[in-house]
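Order of writing sets the chain letters: A, B, C and D. Residues in each chain are counted from 1.
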Amino acid sequence: MDGLTLLGTWIAALLTLCILSFLYKDNPFYKFAEYLFVGVSAGFWIAYNYHNLLLPNLIDPLKGAFVVLLLEGRLDFRWLTIIAGLLGVTMLFRFFPKAAWVSRYGIAFSVGLGAGLMFIVYLQANCIYQIWGTVKLSPVVITEGPGGQHFDWPTSVSNTLLIVGVVSALVYFYFSKEHKGVLGSTARLGIWFLMVSFGAAFGYTVMARISLLIGRMEFLIDGWLRPAVIAPIQGALASLGLL
Amino acid sequence: MKFVRWLADIDRRIIFLVIAVAVVIPLLLPLGMRVKVTPQTESIYEEVENLPPGSNVLVAFDYDPAAAPEVHPMALAFLRHCFTKKHKVIIMALWPQGAQMAVSALAEVGKEYDLEYGRDYVNLGYKPGGDIVIKSLGASLGEVFPKDMAGEPTAGLAILAKVRNLKDIDLVMDLSAGDPGIPAWVRVANALYQRKVAGGCTAVSAPQFFPYLQTGQLVGLLGGLKGAAEYESVLAYAGKASRRMDAQSIAHLVIIVFIIFANISYFILRRQREEKREGPRTGPAASP
Amino acid sequence: MRREIPMIVAFVAGVTIILEFFVPALRDVASQIQKWYLVVIAFAILVGAFNLLRINYMKIRYRRADWPYSFALIAGLFAMAIIGIGWGIKEGTVFDWLFNYLIFPMSSTVFALLAFFVASAAYRAFRARTVDATLLLVAAVVVMLGQVPIGSAWVPAWWPDSLVFLTPDWLKDRIMNIFNTAGQRAILIGASLGVVSTSLRILLGIERSYLGEE
Amino acid sequence: MKSVPLGVFIIMALAAPAFGQMLQAAEGVTARDTPLDAGSSITLTWQPSPDEAGRKVQVLAYEVWRATRAAGEYERLGEVESGKENYEFTDEEAENGVEYFYKVRARGERMSTDAAPAGPVKATAEWFHPDRLNMLVASVVLAAFVLYFISQARAGKELFIRRIAGLEAVQEAVGRATEMGKPVLYVPGIADIDDIQTIAAVTILGRVATMIAEYDAALLVPCSRSLVMSTAQEVVKEAYLEAGRPDAYRRENVRYLTDDQFGYVAGVDGIMLREKPAANFYLGTFYAESLILAETGHSVGAIQIAGTAMPSQLPFFIAACDYTLIGEELFAASAYLSREPRLLGSLVGQDLGKVIILISIIVGVVTAFLAQFGFELFGRSIALEQLFVVK
């Protein structure tokens, strides 16, 4: 382990312990790690956005357009990027409370863009696609097999449950009628389906979450304690022994 | 009763402590819990076991660090098995970072055996092209890999004098995290050259390869961390995968035991309340 | 006017994106507009960073609770931003080193806290108080057992195939494939209707609280 | 007489290696306007030269050349490596409306052979994507439902909306915070403002903030995106103004932490531990942080109301929070809390959409069922596929 890696490993291990200490209770070590984490990660995203958003989407196109203007004397479409710059600059007006309303242009543009984008994305991927996944199903499935047709009961049962589940859970979301009578009991069934699905998803995720902890613990044991703590001490002891 | 009350509203830090212990103990002291070995793991083991010593095994490292937590333990276990059986191991990669993963696997396993590079094993490195690379291996290994991972010419290596092309390989093991991977090896090495192909992959992608097992195009399949733990289990040693799987099992059990305790204490307290004719419990419910 | 023109901007941006899905000819226009958004974000982060710095500066200046920690925050922010912008963010840079040994360990440790919280949340929530809570509890326990080898370890080798549905392994797959799919599907379909109506309200200016005062 | 050509043939065959063999051209070269695009693009397709299969002569690559006249000057655009069964090349730099001719040149080691030029062909932009007609119909129908009920509501028609428990609890939570003299914490998710869930969260924040201003409780809004912070500041300011308490608005209480997912979580957890809010709201887009926030919030004794349309995170909110708005309920919240008829109207419109969806599911399932017994309703599989699959 070279010096820089050794230093890094120690820092990483100490910060890991600082964050874990939060589980016991709030303490100065966690506070330090928390403030540092918020600061460095905010700085990280500033630098990241500069390199990955600002340079390729504003500065580089404008530079290119400027070169074309100088060399060929013509305006190309990249000058449109100025609009992006202007929209971005409106955000900076937030520094001045009196003129903060100017930033509404940037905000309105972003909100409108998001609203339009999500309209399509949700309707296509979530609505129509999911309906298609359901309408294909038949509650009774008969398969051709050796010895003629036979009733495929496992598929039939699972299809039926799936259809009932989707329909009843959708009914639960019905807003404009009191959930009473048939509507009420269907919605009730829908909630039960939702609860089973939530319980299942919870249980399914436990493994991935435990894996994360295993990863951190393996780092502390195999990445830090053994090579960066025990090994150097052993080395030091051995060299003392030699002396 | 006091205990039941304490249990019903236990300090969550006790739960945290128990979880931490449940995860750390298996990592420090492998419990070697028996993992139920599935037939598809067993059959890979049998295949390696029944090859005469000195057979040629090709191991393809088609994964990257992202999939390493699941797939790397398989590589370690499989290499150990091959070296124990004195098979010759030829390593290559269809994934750019695969060759590096092989280097680290060999560094870890290699020191446990008396091995000579070029005679007992070789790391041929990475070659882009997927299917086409495998197809060319059918003609000549040396032509596809004129140089090995370290950039040394492969011409003089003893192992390649014996193994000229894919037809001299007795078993192919593909450790794969996606494409190119198991389907490519099945399509070309198995279908075209009738080689035996085994695979190891992440848990998420395992189900899609079950059809290959049924048709016999794959002799066996290691699926995810569990598959790796199974292989370690048949080899009777507790490696990384077993340790991780032990930790998972214990942690899951601990959580379930906690849930059972919570319910027992809840029911005892409820009965008591009913006896005292208290009103129903109000407060946070788990419903929406 | 301070609200009307921004509302028109929102309308034009949103409708262009929607139309682009149906009108291939608008593709370039739409992709241009989406790039503009990235520029807006890049500028906006300065506003956020300024806000963060100002609050922490005030904390230090007026010696509010925990003020000494604010030095760590301010120093960390400037260090990362200046090193990243000045010397690049590629592999092997100082920025990369700071990411690997500061941000990555803290990030993955915060993430790993979840291992503890799934346990404490399960302990509290999974009590058979109501039918709903019981369903939640049973499904979670069965799936958790089905996930790990130990869950099915009690199943002996002679277990008859006809009783396979009593093993956690088998049940887990069915619950995930049927109940989980059904529940998620209904949520997604319902949510998409909510999204459609929300975005219409936004684009048509019926919902305009996001624009602030008149 | 017959022997002459045969003799020539034999001589040619014998001589061929000496002269180098003829390389055969690529086959079936077609050039057409790239379909369903914004124009300025032409797609070429061709099949390999017969020599690729025969392997007598090696084809190294196929070059693509373009000209504005069939016999005119061709310029080289690029090349495609050999070894495929079908070839495609897209010329992305065609000018709309200009006629072009394309030549594909098979290049061997020592010689090259041109295929006959393909063309003329013009690049055009398309104005409608016919495969997406179903999406268009769905969008228009849903929009019409929503707008119709909004106009009905405007006209003064009474609209009934069922109780949503999580939203009934909002007032209770704010009241509790006021009584205890502790702040309300509002977390608008970790996505940026272009995510519709964030937009919904920010509009709900407006309603909640009005309530908080009226009760005179404190409100903390930590944001993980600058744009969300800016929007939230505008919304909260407006809410305080509406409640007649503009003086109580504190800009620094709507603050930015960091864009980083877990950095943000660490910061919000810190705020919870030190400010000890009496009520926590988590509304918007959440990922893994959902449970970290909700468990920390629970440990400080806050009443917690969550809402998201992320199916993967709902289980954790359900388990750890007191009330959870599930999916569509999140989008209904702002209308529900405002009680503004126009907004409520849009909920009724959504419901009509749901009825249509339920009917189409039932019709689809019935046809699928009948198809199992050999009854084919309107050529089932084809017709349905066209209805639901969006390309």
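We take it that a residue touches a chain if its C-beta (ideal position, glycine included) is under 8 Å from a C-beta of that chain, and two chains touch if they have at least 3 such contacts.
Predicted, not measured: the structure shown is a model, and the values here were computed from it.
Trainee: Which chain is most central here if centres come from C-alpha coordinates alone?
Mentor: Per-chain C-alpha centroids compared to the overall one single out A.
Trainee: I need the chain pair with the most C-beta contacts, please.
Mentor: A-C
Trainee: Any idea how many Å lie between the Cα centroids of chain B and chain C?
Mentor: 30
Trainee: Counting only Cα atoms for the centres, state how far chain A is from chain C in Å.
Mentor: Going by mean C-alpha positions, chain A sits 4 Å from chain C.
Trainee: Using mean C-alpha positions as chain centres, tell me how far chain C is from chain D in Å, no decimals.
Mentor: About 16 Å, centre to centre.
Trainee: For chain A, write out the residues touching at least two other chains, lowest number first.
Mentor: 19, 22-23, 31, 33-35, 37-42, 44-45, 91, 94, 103-104, 106-107, 110-111, 113-115, 117-120, 122-124, 127, 131, 134, 166, 170, 173, 191, 194-195, 198-199, 201-202, 205-207, 210, 213, 215
Trainee: Which residues belonging to chain B are in contact with no fewer than two other chains?
Mentor: Touching at least two other chains: 12, 16, 19-20, 23, 248, 251-252, 255, 285-288.
Trainee: When you check chain D against every other chain, which residues touch at least two of them?
Mentor: Residues 135, 139, 142, 192, 194, 196, 199, 226-227, 230-231, 234, 256-260, 262-263, 266, 274, 311, 314, 316, 318-319, 326-328, 332, 347, 350, 354, 357 of chain D each touch two or more of the other chains.
Trainee: Can you check the complex and tell me which residues of chain A touch chain C?
Mentor: My answer: residues 4, 7-9, 11-13, 15-16, 19-20, 22-23, 31-51, 53-54, 57-58, 80-81, 83-85, 87-89, 91-92, 94-95, 101, 103-120, 122-124, 126-127, 130-131, 133-134, 158, 161-162, 164-166, 169-170, 172-173, 190-207, 209-210, 212-213, 215-216, 219.
Trainee: Of all residues in chain B, which touch chain C in the complex?
Mentor: On the chain B side, the touching residues are 10, 12, 15-16, 18-20, 23, 33-36, 226, 229, 245, 248-249, 251-256, 258-259, 261-263, 266-267, 281, 285-287.
Trainee: What residues on chain A touch chain D, complex-wise?
Mentor: Those residues of chain A that touch chain D are 19, 22, 26, 30-31, 33-35, 37-42, 44-45, 91, 94, 97, 100, 103-104, 106-107, 110-111, 113-115, 117-120, 122-124, 127-129, 131-132, 134-142, 163, 166-167, 170-171, 173-179, 194-195, 198-199, 201-202, 205.
Trainee: Mind listing the chain C positions that touch chain B in their complex?
Mentor: Interface residues on the chain C side: 115-116, 118-120, 122-130, 132-133, 136-137, 140-141, 144-145, 147-153.
Trainee: Enumerate the contact residues on chain B facing chain A in the complex.
Mentor: The touching residues are 13, 16, 19-20, 23-24, 27-28, 69, 244, 247-248, 251-252, 255, 287-288.
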